[in-house]
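As written, the chain order gives the labels A, B, C and D, with residue 1 at the start of each chain.
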Amino acid sequence: MVAVCGAGTCSPDVSELARKTGELLARHGANLICGGLGGVMAAAAQGAKAAGGLTIGILPGTDRQDANPFIDLALPTGLGEARNALIVRAAQAVIALPGETGTLSEVALGLKMGRPVVGLAAWGEINGVLPASDPDEAVRLALSRV
Amino acid sequence: MVAVCGAGTCSPDVSELARKTGELLARHGANLICGGLGGVMAAAAQGAKAAGGLTIGILPGTDRQDANPFIDLALPTGLGEARNALIVRAAQAVIALPGETGTLSEVALGLKMGRPVVGLAAWGEINGVLPASDPDEAVRLALSRV
Amino acid sequence: MVAVCGAGTCSPDVSELARKTGELLARHGANLICGGLGGVMAAAAQGAKAAGGLTIGILPGTDRQDANPFIDLALPTGLGEARNALIVRAAQAVIALPGETGTLSEVALGLKMGRPVVGLAAWGEINGVLPASDPDEAVRLALSRV
Amino acid sequence: MVAVCGAGTCSPDVSELARKTGELLARHGANLICGGLGGVMAAAAQGAKAAGGLTIGILPGTDRQDANPFIDLALPTGLGEARNALIVRAAQAVIALPGETGTLSEVALGLKMGRPVVGLAAWGEINGVLPASDPDEAVRLALSRV
């Protein structure tokens, strides 16, 4: 189970990185876990679904309808931002794409919990993050450390 | 998604009720969510797996190896007993079999969150619980209220 | 630190039981922890404040203004019902007055976590609850087991 | 209520910054909330206590004995790293001293939740953090934005 994290709204370029990352994870047989909302989360789930993967969304609110349409298993938590800790706790590796403070908290919590954290086109400045320049490298790095 | 709750160790009779409940849920196309450990949780997951269903375990600890062997998706939370709230929050209905205080907390939280809560061979004395005398009735009651 | 749990709205009789319980806890030097809202929670905090005690409210939402006016330290959690686990986890003993499913979840979680749980005018039917018939007995039972 | 975050073990210089920050917060009448453990958390609590302030420790584990000796109110949560979200949620402002990934997660979550986050001798590179070069400036910045 690999987490893909990133902004809830994103540019087409970042969306394409996320979609490709999800696709590659599914092709390697990994389940995708994410925050279940839009942007990077939706694009990664879309890519994973298109390649036959299973997608899990850990939602901050209490309504499963908040999940993007590519989530197979929507888990509303009602925990707000505290759900970020759950995403990385449940994952065996974390791939972080460009995002803001929510994504940064997942990067930090992932490192704190000892998860391998791969930064794809982002977060390379944070000590401990494994930098990757494309989805192939990101997925390879993440899966090699599980 | 339907939660099955109950004791972490149980008699053969209760185990058979749980197994049959899991099997029927899977046959009706429902995903099973539970606490991921032994007893009722393992028997329900075993029944669901045997019928081709998908099983999710929300674990109290941080080690995914704690999950019983019939869990497809083990989500370690590191939240301890607070994970009981997550199980019922993520479920659309709750079926509670005999158990102790942990199960009672799930029954209470399920009712508090407005989930339909079915008591199978247990919990019928609690206001709001829908009593069922066998797995068929329990699954029918749960699915009819989702 | 002793938790007082009970309904968010309550009768004058139950309110008076809660107020007296809070007062006695403060007189014995115990800090009061509760859910921070109305009914039993507000009456217990009012009693504790009147006797010079310190009161802590663990709120389900994100707004500290939700706390009743007798709470010294309002801790908004944003965890919803999952905050019930925090109240009893942080307490060294639990006194439960009449309430509904939220209170029942606190009784069950308290027992599950090994806390002494005193039922004041309620919950005596639950295995493991120490029954008390008045606030003096409830506070005595709770403090003797810390 | 102001959170002071930082490493669980720290140099004498950072410890002195933390102690002074705690002292100034108490002198201004603010309650101190922190993670309750050692290093920056203990030094800040020590400073606050010495100036007559009230100190609250939100512990990751289940044992209140884990709290440092300067904590008035130890709240064991049993939530592990997820308790970091609670510290910043309960605070009206956050002062972050040097630390590692745990502290970084608190900085990120604080920003995500809209809290004013002051970086004292650290974290100035993170977008949104208010940089301070000494405890006076840190406390002034934090309290002016509550």
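Keep this in mind: a contact is a pair of C-beta atoms (placed from the backbone, for glycine too) under 8 Å apart; a residue touches a chain by one contact, two chains touch by 3 or more.
Since the structure is predicted, the reported quantities are computational estimates derived from the model, not experimental observations.
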Pair joined by more contacting C-beta pairs (B-D or A-D): A-D
Distance from chain D to chain A - Cα centre to Cα centre, in angstrom: 29
Euclidean distance of C-alpha centroids - chain B vs chain D, Å: 40
Per-residue overlap in chain C, given as positions that touch at least 2 other chains: 62, 78-82, 85-86, 89, 113
Chain contact graph, described as a line, ring, star, complete graph or other shape: complete
Touch list for chain C against partner chain B, complex: 79-82, 84-86, 89, 100-102, 104-105, 107-109, 111-113, 126, 128
Chain C to chain A touching residues, read off their complex: 62, 78-82
In the complex, chain C residues that touch chain D: 1, 31, 54, 56, 62, 64, 73, 75-79, 85-86, 89-90, 92, 113
